[in-house]
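Both complexes shown next keep subunit A, but they swap its partner, so subunit B is in the first and subunit C is in the second.
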Partner chain A sequence: MEEPRIGVYICWCGTNIAKMVDVEAVASEVSSMPHVVLAKNYKYMCSDPGQELIIKDIKVHNLNRVIVAACSPRIHELTFRTACEKAGINPYLFEMANIREQDSWVHTDRSEATKKAIDLVIAAIRRVRFHEALEKRSVSVNPATLVIGGGIAGMTASLEIAASGKQVYLVEKADHLGGMVAQLDLTFPHLSSAQQIIHPLIQRVKNNPNIKVFLNTQIQQVHGYIGNFNTTILQNGNESVEIEFGNIIAAVGLKPFDPVVIPEYGYKKIPDVVTSVEFEQMLLSGLIQTSEGKDPRNVAIIHCVGSRNKKFHEYCSRVCCMTALKYVHQIRAALPDANIFEVYADMRAYGKGHEEFYAHTTHKQIIFLMFDQQTGLPRIRKAGAADKCNIIIEMDELLSGISIEVPVDMVVLMTNMEAHDDVKEVVRSIGVSLCGNQFFIEKHPKLDPVATTTGGVYIVGGCQGPKDIPDSVSQARAAAARILATIAQESVPVEVTTAQVNELLCCGCQTCVRVCPYSAVSYDESKKSSVVNEVLCKGCGTCGAACPAGAIKCKHFTDSQILAEIEGIMSLSYKY
Partner chain B sequence: MSVRLQPELRNQLIQFGIGDWNACYHCGTCTAICPLSEKGFLFPRNKIRLMQMGVKDELETSVEPWLCYYCGDCTKSCPRDANPGELMMSLRRYLTSKYDWTGLSRKFYTSGVWELGFILVFAALVVIAFLFLLPAYGFKFTTELTAQGGVQVNAFAPWEYIEIFDWSMAAVVALLLISNILRMYYKIIWKDGKTTVSIWTHIREFWLLIYNFVVQPRFSKCEDKNYWLSHWFLMSGYTIMFIVIVVYLEWFQTDEILPFWHPQRTLGYYATFGLLFGLFVAIIGRIRKKRIKFQFSHVSDWLFLIMLTLTVITGILIHIFRINGMAWATYISYIAHMAILVPMILIEVPFSKWSHLAYRPFAVYFQQLKKHAVPRKSNQ
Partner chain C sequence: MEFRPTLVAFLCNWCSYTGADLAGTSRLHYAPNIRIIRIMCSGRIEPTFVLKAFQQGADGVLICGCHPGDCHYQEGNYKCLRRYKLIQKYTQQMGIEKERLRLEWISASEGKQFAELVNDMTKTLLQVGPSKVKGTLEVEHLKK
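Right after this comes the complex of A and B.
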């Protein structure tokens, strides 16, 4: 191995670091360490002049290792790796020490913070000596795409991809396309017809030669990795078809919560207490009537049924407030004299045109009644003979502070939207994970909301979290764009810092096979050793830590690198 | 105990004023800014809530709407332009109709036809009385003037008879008003059934009632002092006129033309000026709509202003014509004066706007009683 020649750069980050860490002291402390050729400090290392400084030094001083002590590697590791690459050294010969998030931002004693910065930089210096040059790799991409779920999100994504002439396999569990939107009458906030939105879309999907639709079909285990997936599709439970594809879009949506479990609401026990989805059916049929076939005089709409309540689901279903307001317009049109009660806990009008829709709806002579999820839900009971109505809602009204009884003839429950029962099987078969609310987890909530941590698998629409049609469609188109970009490139880069099994040391216990969260390790009977599929491996290191034989080496996280780093942190001397 | 909502109440309330009260989203700014809202007697937000929800009983038994003097501060500061001040005004109209057991108040507030019809019928009765009834008793229209050159008003409308009529009308009106006030008292103090007030408290707090009636101090609490002044002029003018006409008509309605500085004339002039000034401010205000109080005018507001103005103008005309010896002009003015005055008094005092004059100080009295109320012992 060539002699390490290390350049160390301490960043001020304006005053972010410099105010709590004596950056000059850190630079001068480490400058005398073995292998350190130079140690500098600079106001903003990530700025263009900062990067230029590194590139120039590498060339002038013939550096072969670089350390930047600055912010979190999450933010700028890629910046500096790219700078190293430009100067002609392998990007993996770079190391970053985090002296901002882990130091200047969290301490108040400047001399202690400076000492800690020195320790962190020493650890990086010790570690970087053991870094090895790693080569970038990529895999080819199969241009076909698998879309799971034929709702508005899945269909939109399918059409978008098929429009560029690429093959789409669209798998739908139900016997028809359209998902939830196919069950709706009008849509908020413009009161346009849902049927007129969804039916043309269904026709276009059916007529598109590039889209192969599988109805009544559930997805089996998907094998392979980004660019090269395959699975067997069981159509109608028997006919099996082998398909290969390079990317996957999950668009399985959500299902309505069953309010039977909320005793206060008496759903299925008291006639004329219906869910929002049932009410949509009523609206589609064109008749709002009680079970006795009469026009209801008073209708109550209860919000947050199963939502925003720790007993059921803590999250907000997001579309039900506006849907409830939409019902006001529809009831008002059908029954001009009816009294309409919006029994709500909070009014959520977050989207474009929603606040205006809310303001406009309040003038429809409706009565808003507020309840408090914490102190108790409204209680629904069947009215007595003397009550002159079908149903009585008892509630503690929050804004007046009094307990009231609301006489009504029909109650609409704005049910929560929750994950499908089979969602766990779906995520397992495509190798992604669910959050605590059973929504598919995105790669990054802000910067990468449609990708997942599994390369080539994207999530769109309701399954990523409750959302309305515009948001579902936007996600669908975004995912399609991402996929078309990889198809156009014909190959995608894959993770470099993967695990490797030393076949001579492997004892065949298969611990690694069981612990790998990405199913990247398999046991090779002929070799009597485990092998890592380097395309699937994400370099998480789980197998390396679990292997009792010490047979697994994780690239860029080798034992010698990590031990050197620990020594650097622990030892107070600068010599080694 | 939970109260049953009466959603139909909304449709009723709409007839008493503005109807779109969902504008209010209950930020509470109005209650915070209201100079008259106080602990235990908070308004207007909570009353708006009861209106929105249709909680009839709680609304009917509440005293707070009367504690509001419509300064308009709440309306000015409402972020949603919900106009809480006018909602309080609507509520007072509604309550007036609820205190009135004859049901006429409701009719007058909600139906222009009823109100106009009532006015025309009573105006006609007055005219008939002057044209046929009094002449039948031997009183006559005469162009013969007094020695001073004035018109002989008492020959055509003898003060004794007019006074008897005044007295009987006052008695009817007072009976109606008192019975309405008793109903108000019952609703506010007893109907909620939770508290009881001792006789001694009733007596002790009574002086407040008198004080409030005379000084109207709550009004001065509102920011705009000018308005308080014009209101006070209007009030005192009205009261003086009322007293001299009902109690001292013999002294007020003379055929003799007294010297200018005689109290009969100065008091009369003062009262006329007070009325005119107050009316002028109110009418200009309602036309200009600058003051929040005057931005929304219910039909009943205009009708009342017009009738009172006409009454004052005809009153002035009687005086001018009389001292200038213009007999027929005097008689016509006199009949017109009475034909407007009588229906106005009959509508306004027990059933409409001027009943507020009585309800307001009583409300302060009842508020005081409520402050000293003790929880009622339950029977079980």
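Right after this comes the complex of A and C.
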């Protein structure tokens, strides 16, 4: 190993760090440590002059290791690694000490915070001595894309990618394309026809020579990694087709919640209590009629069915409030004299044009009745022979504070949208995860909402969380753009901090093969040793911790690096 | 001099380290005696790391990973949990009280829980007193 020549930089972060940490004391305390060539403090290390300072010092003082003590490495590690690279040293010879988020911002005693900063910097100095140059690697990208789910999101993404002349494999579980939108009549807030939105899209998908559609098809286990995936597709349950692709979009949407489990609502027991999806069918047929074939004189629309209620689903399904208002317009047009009751818990009109749509709808002579999910749901019962209606809704009306009975002939339940039953198998087959509500987890909720933590796998539309058509389409186009950018690059960088087996130390126990979650380790009979496929390895380090022979090196998180860090991290606390 | 326990914490990069960062961004305050070491996943934790920390003077060692089901690498935290139980056995055999070693799940949004955890563990360590194994443990032979 070449003699380490370390440059240490302590950042003030304006007053963010300097107010609580004596940055000069930190620099002077560590300046005389072995291998430390220089230790400086500067106002803003991440600024251009801050980075220039590092670059210049690397060149002038021949530094081969750099430490910046500043904010969290999750924020600026990449910035400083890039600066090192610019100055001609390998980016992995850099190390960061977190003295802002995990020191100056969380402590109130200046001398304690300063002591801690010194400890953290000493630990970094000890650790960085064991850093090794790691070479960036990249893999080629297969230009084909697999899209799972042929709803509006999946079809939009497919068309966008196919428009660039790239191959798309679109896999749909049902026997037709279109998803939920194909089952809708009009759409909020402009009351435009859902059929006129979805049918031209379906035609374009079917006619596009770059899109191969597989109907009645479920996805099997996908193998490979970003740029180079493959799987077998079982069409109509028997015919198997091998496909290869570089990226994946999951667009499996959501399904309506079954209100049978809510005893208060009597769904499937009381006639003329229907779900929103069933009501859409009625609207598409052009007739709103009770099961007896009569025009309903009173219609109630109940919101939040299975939503925003810890007994069922805690989250809001986002589209039902506006859909319920949409029904007001459709019922009013078909049955001008009917009484319409909006039975709601809260009115959520968050989107573009939604508040205006709500205000506009309130002028349609409708009655708003409010209930409280916590104190009790409305109770629906079949009316008696003497009643002049089919159904009676009992409820504690919140705005008036009184218990009332509402006579109606038809009830529409605005059902929650929940994950499909097979969603666990879908996520397992493509290597992504679900949140507590069974929605696909994005890489970053704000900064990267369509990517996942698995490279090359994107999530769009309802499956990422309930959303309306405009949001689903935006995500679909965003994911398509991301994928086309990757395809245009022709190659993608892969993890470099992977695991590596030392064949001389490996005893062949294959513990590592068993613990690796990505099947990245295999046993090589001829070498009598395990080997890591560094393209599949994501660098979790589990195999390194499990290997009984100490034969596995987890690059950048080696035993020596971590042990050295531990040795340094209590330098002052132990002393005093 | 008054006893100030030293706490060494191993935090996985994706959930727990981010949660600790969030405590900072939210300006929550907690005891300054904690020293955090970042690892990519709690599945990387080996007995050697824990013992080394005790040997070097830690009065307590805290391991934090993503909640079950949320590990960035699918199941590293389950592997960690299994290993943690083993390490607890070792350390107790060596006379290290079980309160000194703790495994907790901290998600990226649990800055507050992290701050509370540090304070809580510090309080426990104050009651348990200084660790008696500082500098005396032999760690190196454990690897292999």
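By definition in this document, the second predicted complex is superposed on the first by the 543 of 576 C-alpha atoms of A that agree within 3 Å, B and C clash if a C-alpha of one lies under 4 Å from a C-alpha of the other, contacts with A are read in each partner's own complex, and residues count from 1 in each chain.
Methods note: contacts are C-beta pairs under 8 Å (C-beta built on N, C-alpha and C of every residue); 3 or more make two chains touch, one makes a residue touch a chain.
Only a predicted model underlies this, so the values are computations on that prediction, with no experimental measurement involved.
When the two complexes are overlaid on their common chain A, residue A:Ile367 makes contact with subunit B while staying clear of subunit C. Contact with neither subunit B nor subunit C is seen for A:Ile380 once the two complexes are overlaid on the shared chain.
By the touch criterion stated above, A:Gly539 is placed in contact with subunit C alone, subunit B being left untouched. By the touch criterion defined above, A:Val106 reaches subunit C but does not reach subunit B. In the superposition on chain A, A:Ile161 makes contact with neither subunit B nor subunit C. Applying the stated contact rule after C-alpha superposition, one finds that A:Leu325 touches neither subunit B nor subunit C.
When the two structures are aligned on the shared chain, A:Pro517 is found in touch with subunit C, with no touch to subunit B.
Touched residues of subunit A were counted for both subunit B and subunit C, and C has more of them. Residues 1-5, 7-8, 10, 19-20, 22-23, 26, 46, 49-50, 52-55, 58 of subunit B touch subunit A in their complex.
Looking at the complex, you find that subunit A touches subunit B at residues 298, 339, 341, 362-363, 365-369, 394, 397, 399-407. By the touch criterion given at the top, residues 72-74, 98, 100-103, 105-109, 112-113, 115-116, 119-120, 123, 433, 453, 497, 515, 517-518, 538-542, 544-546, 548-550, 554, 557, 559, 562-563, 565-567, 569-570, 573-574, 576 of subunit A touch subunit C in their complex.
By the touch criterion given at the top, residues 1, 4, 6, 8, 13-14, 17-18, 20-21, 23-25, 27-30, 32-33, 35-41, 43-46, 48-49, 52-53, 56-58, 69-70, 72-76, 79, 83, 115, 134, 143-144 of subunit C touch subunit A in their complex.
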